[in-house]
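Letters are used for the chains, namely A, B and C, taken in the order the chains are written, and counting of residues starts over at 1 for each.
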């Protein structure tokens, strides 16, 4: 489905309280346009929980469910299995969680659901920190980034570890579909969502989701940053259909400095730190090309 | 004791202003507390913060419902929310406005302090951040605190957050605003529609809060009801659209986080729903032909 | 009627089967493991038509239970001890969104030190989660209460989840004769599941929305009212069950030889059986002692206990766990229920960590109560039985 063919009807309504310029609602509305009304949504504790509803108001037009923070894989399991018991094979169960709820506290439930190959579409919207609680580092926060738990202090400046690659860990679960996606590449993004929709079993999408508030960036910068993340090589666009990998875009390796300087979260970084991150991008790409490349046809 | 309610937007620093006021009072040997609205509002949304000042320890633990003073950081807010709500008899509203006190229109005629806090902030440190300047206006208009104490309170609270140099600039802004503040009585203008809240009793509240889309006397609740929340009030910049330039690519529609852009029936030109547009500017940033420009409201 | 000697764990699994639980999500933990294994066998042999998900933790098991029930099916799980502690967070949620979940809990000591024997420090701390709790005495009661639990939990005036608590090893691993009635009998008692909520696109509902204070206090009131309403339903279900199956458990409590008793001991779980025998023996000696089997801990039988306290001179409360510094949890509840009474109320702590409770222990409890009754006061409120270096 291309952009112009997407239906007008919004299944995630206006009036939600995401910060201006947040990319997550862009992801949600367009994903829901593809998945359609026969979708059951599970949402753990995350920004999307809060901006998607404050009782008695809810933005979702489809069955919507929340239980806790660390259990998206488990709750979505309950939903998809119950549907099966009720002879409903016409619905999609969407688990949509942030990077904290996916890479960190929710990882066990995610891994369990993937191992059982539950019939779930799991979408990780990756805004690279715990934004709901006010910008604390997650396993998916990049090296050097300021967060409120990795402050730019006098001795230590920002996060000391590198970003955890959740999609590659999911690839190791040998599930039907794993992909990374990015809003700056809408055709690729929509194609992946549609592909995931039309498959059975466990499908994992990791979507880059800029957070202007937490990244200390302009409210209009989400799509620009999305594109730069791919062009610099910080974000690798790839997919694995039943274990067969395709890298969807080769980075241009534009200097990460241009990307970093648009975001206050990197403002404190020293030249040495930037060099470390630049080197990491190089190594990451070499590894991606080698590992992911080996699994391509 | 006097009680203060601050009106701002998420990200404007209303809480810091309340804290600085408390610290200023403490510097004058008072007992003071300051706290945010107990909630989870996002950047840009109208928010509240509160302060109480007393000669002895304060035992009140609720939010402030009947303030002696109301401090408004954002010049657009008085058109959106009734800032005089609950104001005590003889109370005062301190406004960020270019108007003179007697030119200001509020739902009721009340004592009013006025200063162009945005202008002062831009003049002193080049950014439209009003949470320090408005405190200077508070000191002048109410006479409750000395300007010296307010400056010190700003240093106390802003210093650790933004550095001493910037804190000093904020203290200076308070001093400049203090000198320019006028006091008087405002005009009684149009009453704002009081927002209705659905408050079912224990017999009518849905069990476990499992809620379908339901029409109530206070509007829609449950599934798909967040459209009741008009987020257009968050906007400070507004998209200006040049239909002649538009090439109907629909990218603005696709990328709008708030689903505030509508495609018309012929799938050609687009229009905005300003009830929901938060003014993030993503539409302008993705427009390939510069058909959209962001203008200050 | 098919009577066979089976374990308490088997009885629990059989209960899940004949209750036609459609969805089971579980994680094995000693001493509950055999429940999960039996269900696996039932399912793999085609005897039980359900979707059984072998989860990766108890936390996930309870999460899947909640979401499957919210979607619209009858659910079952079982756990014990650390597993229940891991579920703790989600227990609140299942109750607050009013789902009729049913879960046997094999009562086992919670670490540290790590042990696998009976203690109630796993279930007692779940008091405020909103779950109903029944403590059972033998394997027949395990089965019967699993079936009854669905009827009570699914009642439209209740809609709260329920734990069926059985003692580790003393029931879970002990075989004894149980009437293992089948689907036909069970179907007469427990109708097909009709969910009161669902997650279906033709009638979408939001279940679990972020909620401000304006609605939470009313929700808690409703849950509290449902817990109160469950008392009547428990009595009705007990009666209907007794009419159909010939076994009357008494509802919230069972009284044993209390009619002219001067003192009563309030027990939970398997110690009740021990106490029955002691009551019989002491009655032989002419002592006016009686027994109250506290079946339900939530809802709590306040009125029933007060009615008994009206006619006795001392009340003893048995506890198999300690709420540090204020006696056992059952004692604390009883004292609260018996507010205003001046008769001695004495707490006996025994069997903690799975230690056996002997006739001699229970006999000593009754003797202590009789002495307190005659004096009109007790020497001590809280008595640690058979504890080395501590005077009983």
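Following the convention adopted for this analysis, a contact is a pair of C-beta atoms (placed from the backbone, for glycine too) under 8 Å apart; a residue touches a chain by one contact, two chains touch by 3 or more.
Since the model is a prediction, treat every value here as computed from it, not as a measurement.
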Chain pair, A-B or B-C, that carries the greater number of C-beta contacts: A-B
Centroid comparison with chain C (C-alpha atoms), farthest chain: B
Innermost chain, where centres are averages of C-alpha coordinates: A
Whole-Å gap separating chain A and chain C, where each centre is the average of the chain's CA atoms: 43
Distance between the centres, which are taken as Cα means, of chain B and chain A, whole angstrom: 31
Approximate Å spacing (C-alpha centroids) for the pair chain B, chain C: 53
Chain A, residues touching no fewer than two other chains: 50, 53-56, 58, 60-64
Sequence positions of chain C contacting 2 or more other chains: 70, 204-212, 215
Overlap residues in chain B, where contacts from two or more other chains coincide: 40, 209, 211, 222-224
Sites on chain A touched by chain C in the complex: 37-40, 42, 49-50, 53-56, 58, 60-68, 70-71, 73-79, 81-86, 88, 91, 108-109, 111-112, 115-116
Of chain C, residues touching chain B in the complex: 70, 96-99, 159, 196-197, 203-215, 218-219, 221-222, 225
Footprint of chain A on chain C - complex, ascending: 22-23, 25, 50-51, 53-57, 59-61, 63-73, 89-90, 93, 198-201, 204-212, 215
Touching residues (chain side chain B, partner chain A) in the complex: 10-11, 40-45, 198, 209, 211, 220-231, 234, 250-251, 254-260, 262-263, 267, 273, 275-276, 278-282, 284-286, 294
Residues of chain A touching chain B in the complex: 3-4, 6, 8, 10, 12-26, 29-30, 50-64, 183, 186, 212-213, 218-224
